[in-house]
Amino acid sequence: MNLFSPAGDDLLTVAGRTFHSRLLTGTGKYKDFDETRRATEAAGAQIVTLAIRRVNIGQDASQPNLLDALPPDRFTLLPNTAGCYTADDTVRTCRLARELLDGHNLVKLEVLGDERTLYPDVVQTLVAAEKLVADGFDVMVYTSDDPILARRLEEIGCAAIMPLAAPIGSGLGIQNRYNLLEIVENAKVPVIVDAGVGTASDAAIAMELGCDGVLMNTAIAGAKDPVLMAHAMKLAVEAGRAAFRAGRIPRKRFASASSPVDGLVG
Amino acid sequence: MNLFSPAGDDLLTVAGRTFHSRLLTGTGKYKDFDETRRATEAAGAQIVTLAIRRVNIGQDASQPNLLDALPPDRFTLLPNTAGCYTADDTVRTCRLARELLDGHNLVKLEVLGDERTLYPDVVQTLVAAEKLVADGFDVMVYTSDDPILARRLEEIGCAAIMPLAAPIGSGLGIQNRYNLLEIVENAKVPVIVDAGVGTASDAAIAMELGCDGVLMNTAIAGAKDPVLMAHAMKLAVEAGRAAFRAGRIPRKRFASASSPVDGLVG
Amino acid sequence: MNLFSPAGDDLLTVAGRTFHSRLLTGTGKYKDFDETRRATEAAGAQIVTLAIRRVNIGQDASQPNLLDALPPDRFTLLPNTAGCYTADDTVRTCRLARELLDGHNLVKLEVLGDERTLYPDVVQTLVAAEKLVADGFDVMVYTSDDPILARRLEEIGCAAIMPLAAPIGSGLGIQNRYNLLEIVENAKVPVIVDAGVGTASDAAIAMELGCDGVLMNTAIAGAKDPVLMAHAMKLAVEAGRAAFRAGRIPRKRFASASSPVDGLVG
Amino acid sequence: MNLFSPAGDDLLTVAGRTFHSRLLTGTGKYKDFDETRRATEAAGAQIVTLAIRRVNIGQDASQPNLLDALPPDRFTLLPNTAGCYTADDTVRTCRLARELLDGHNLVKLEVLGDERTLYPDVVQTLVAAEKLVADGFDVMVYTSDDPILARRLEEIGCAAIMPLAAPIGSGLGIQNRYNLLEIVENAKVPVIVDAGVGTASDAAIAMELGCDGVLMNTAIAGAKDPVLMAHAMKLAVEAGRAAFRAGRIPRKRFASASSPVDGLVG
């Protein structure tokens, strides 16, 4: 076993598929598909998500096709339901994706609560998750950081729980570490932080909490140099994962303190 | 130029020497010199610091010699004055180091305020820095995160400013980001965070603030798996540096917000 | 108008009732009813919540009765459904409370997700809220800090939204300020932080965010000196409220900075 | 003993003088002396600081005199050396103050490092403190949050240590809680946080750490409603003090957790 290699035995398994990369990336908001491709490669991403309602994967033969930049034989496509605000809408969208992608059944479910905040509508998300699981999809599900809901989504049969760190596109970083930790400690499926990461340390923190992966789009695509930021995020996810596995020192007030900080100050 | 390679043109220059690694490591607190060596290599460190009063670099021929594990032709040695509580003591210690190391004049100055906290004594530090600079040393100086003192130490002629993130060995992470930022924005010599890092994200944050490097010892040597943590820290420093150069997105309450967070909440 | 008096025109209105105190307190976990009474008075609370399944308000004539310590003519009683894990159970409990209290229809709804964490079960909470509102109750509802759910609970007709700051009894303080802010800015009914406050500054922060009140129990009852802590919390809620109304200065890096901090560091 | 009254036996003693208020206020930046007076009264301040080089306390008989608004028989005046950048300058300024105020020897020493940041110059501060103490002044000293320097200033004979929370006028709140805690736990003279408070909760946090008082100016004078903010700060300081004395509950992940948070997450 080679501890240092991300290609070693520390693999991410989602719905029976195995990956050495723990950084999932979005494909939106780039200048063009060439930048998308270069950033995706710099990120070392193996799973790439795409908004099935917004991106051309062959619907319009006269336009550039994302799949030329990110060929499905090299990347695991993760169609998502961005822009859907009801359970029914997401189910329809996932079925469309499956059709367009020849029976591909891995999807990322997101039902949004409103356009302004992009917070998830967790009630509709539960409804949609049940329908999609029943319909044979492998559902990776965007949700809030509510541990009770995360458990319910896992019970329904979702393949991965994807709690937000903060609102989509906010770059605020992880707002509630204890909620994420609670989800991670209790889940038997992968937990992948989705939304809210702003910079490399945010991704590292998510991994240090024990998350299995991080998905992001705006933090990379919106950076001044998206390709370099993609590289930063790749390293940060690997760094956070390695730190989690290596077992950090406890926080103490001083090296000479006999016990860790005690929760009275902080 | 290859943006992604730490061996590219994004180099750290200290006292005329050039390095591609921005992670400096200590050599104490390991199980044995073999673990020291393996962790140092996993960290990719090129500058390694050693407590001249505590470690055998040849003073005792009957004992293992650190320089066998970390040969000076591969690593830049940075003798430090750990355990010194007065300016005079540090000056003596630095001269001893120079003698033992055949005229090597790069040193890390630390004058500690007390044994319990290991906070620097900044007044004695200023006195010692003046003497050492006058005596021809290249002085990398451990200090508090006080921006006015950092400037003074630079004016004295120190080769690098090394503010603490938190007390030595505490693992508390960066306590005062604004102080570090102020030091970084005004310094013309490298600013290297020294002390207080606990895990990978702490190192990434230091680099994202614009620091030129990070020095650590306990966070690696005290981890459950020191060699894996050394690797994590290597990646974290590279991640933070790349994120700094890539230009992060601003924090906003939502993707749809027209301006960044405004300092009223947080 | 007297800006300084909590009895001035800055009143809290819940379900048509008006209060000058914005600190609501629980009645559990005290040594005895006398301590409950003294802490409640030190807190200046006008609304006191009681776990209808756990406390004697006359069910057992041979035991001390909470209503002797906190007479209903001086305090607005807020029966809560602590210990209920399903919508049905909470509805039954609220009806029992209404019977015991001669038609009193103000209740605090909480449906818990599990015994270990005491996180709310928001799905069951929505179901119960609909039933209780339909049954004529004035429902103050304990929930997560999910802004979309908060809006839904308001649409159902709840009289107050009571998001957690952190898990019940944790003392962790406010974990997600942006979620609370989002709830506050959009609600037309009072928003009262319920659960997670640990010390006075936590309560002040909740009020500074614009919350209409704070409810707590453990932070007071579990303090070394509960009566003094009750007094501290009274002052903290008033302080936070006054600071919110007074309009704080923006955070800037220095007095001389021309604009507030910009969301890039923090 | 009345625990709740700030006039009870929980008094602040500085240089032999005794005060029931722990909120010290500045007198600058107000619209006019009438607003200064109203804010000072709302703050309940008993010690008021004034920049001896900037404010008219009788030097110019044709202009309004601050002492008419804040008569010395009601308030303890604390002349400060704002605007001084060298030890010599501060000593001269303190002597001038003593002359103008008929032998009054209580002063607040501040030697600033530069105009842009207003950070203290701690080296010049030490020099000035020695001279002023030798010259018979009771010296309350503005300094950084460096615990080693705080101890040195106390050894020199300063009457109170006044570490910053953040830069003067920044409103950033307390940047380094552990440094303040370390100062507080080791000082035998009062520790009064001076500079950096932005809103009520910041003041409460300072007091919860065990500080003996808080001094502020911009946070009050710069608020939209300075008089109401002064009232908020009065309550916040009292709240934080009471919470400190009452002994807060420890932070735990859940009520059911058997031990406090352990320093691994946070």
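By written order: A, B, C and D. Residues from 1 in each chain.
We adopt the following convention: contacts are C-beta pairs under 8 Å (C-beta built on N, C-alpha and C of every residue); 3 or more make two chains touch, one makes a residue touch a chain.
Computed from a predicted model, the values in this text were never measured in an experiment.
Participant: Moving only to chains each one touches, count the minimum steps from subunit B until you reach subunit D.
Facilitator: 1
Participant: Most remote chain relative to subunit D, going by C-alpha centroids?
Facilitator: A
Participant: Rotation angle for the CA superposition of subunit A on subunit B, to the nearest 5°?
Facilitator: 180
Participant: Taking all residue numbers at the subunit C/subunit D interface, are over half used by both copies (same) or under half (different)?
Facilitator: Since more than half of the residue numbers are used by both chains, the interface counts as same.
Participant: Could you grab the centroid distance between subunit C and subunit D? Build each centroid from C-alpha atoms only and quote it in angstrom.
Facilitator: Roughly 34 Å, centre to centre.
Participant: If you average the CA atoms of subunit B and of subunit C, how far apart do the two points sit, in angstrom?
Facilitator: For subunit B versus subunit C, the centre distance works out to 47 Å.
Participant: Which residues belonging to subunit A are in contact with no fewer than two other chains?
Facilitator: 117, 167, 170-172, 177-178, 182, 248, 250-253, 261, 263
Participant: In the complex of these two chains, what residues of subunit B are touching subunit D?
Facilitator: Within the complex, subunit B touches subunit D at residues 113-114, 117, 119-123, 126, 144, 146-149, 151-152, 166-167, 170-172, 175-179, 182, 263.
Participant: State the interface residues of subunit D toward subunit C in the complex, per the touch definition above.
Facilitator: Touch residues, subunit D against subunit C: 3-4, 42, 115-118, 167-173, 198-201, 203-205, 208, 218-219, 222-229, 231-236, 238-243, 245-257, 261.
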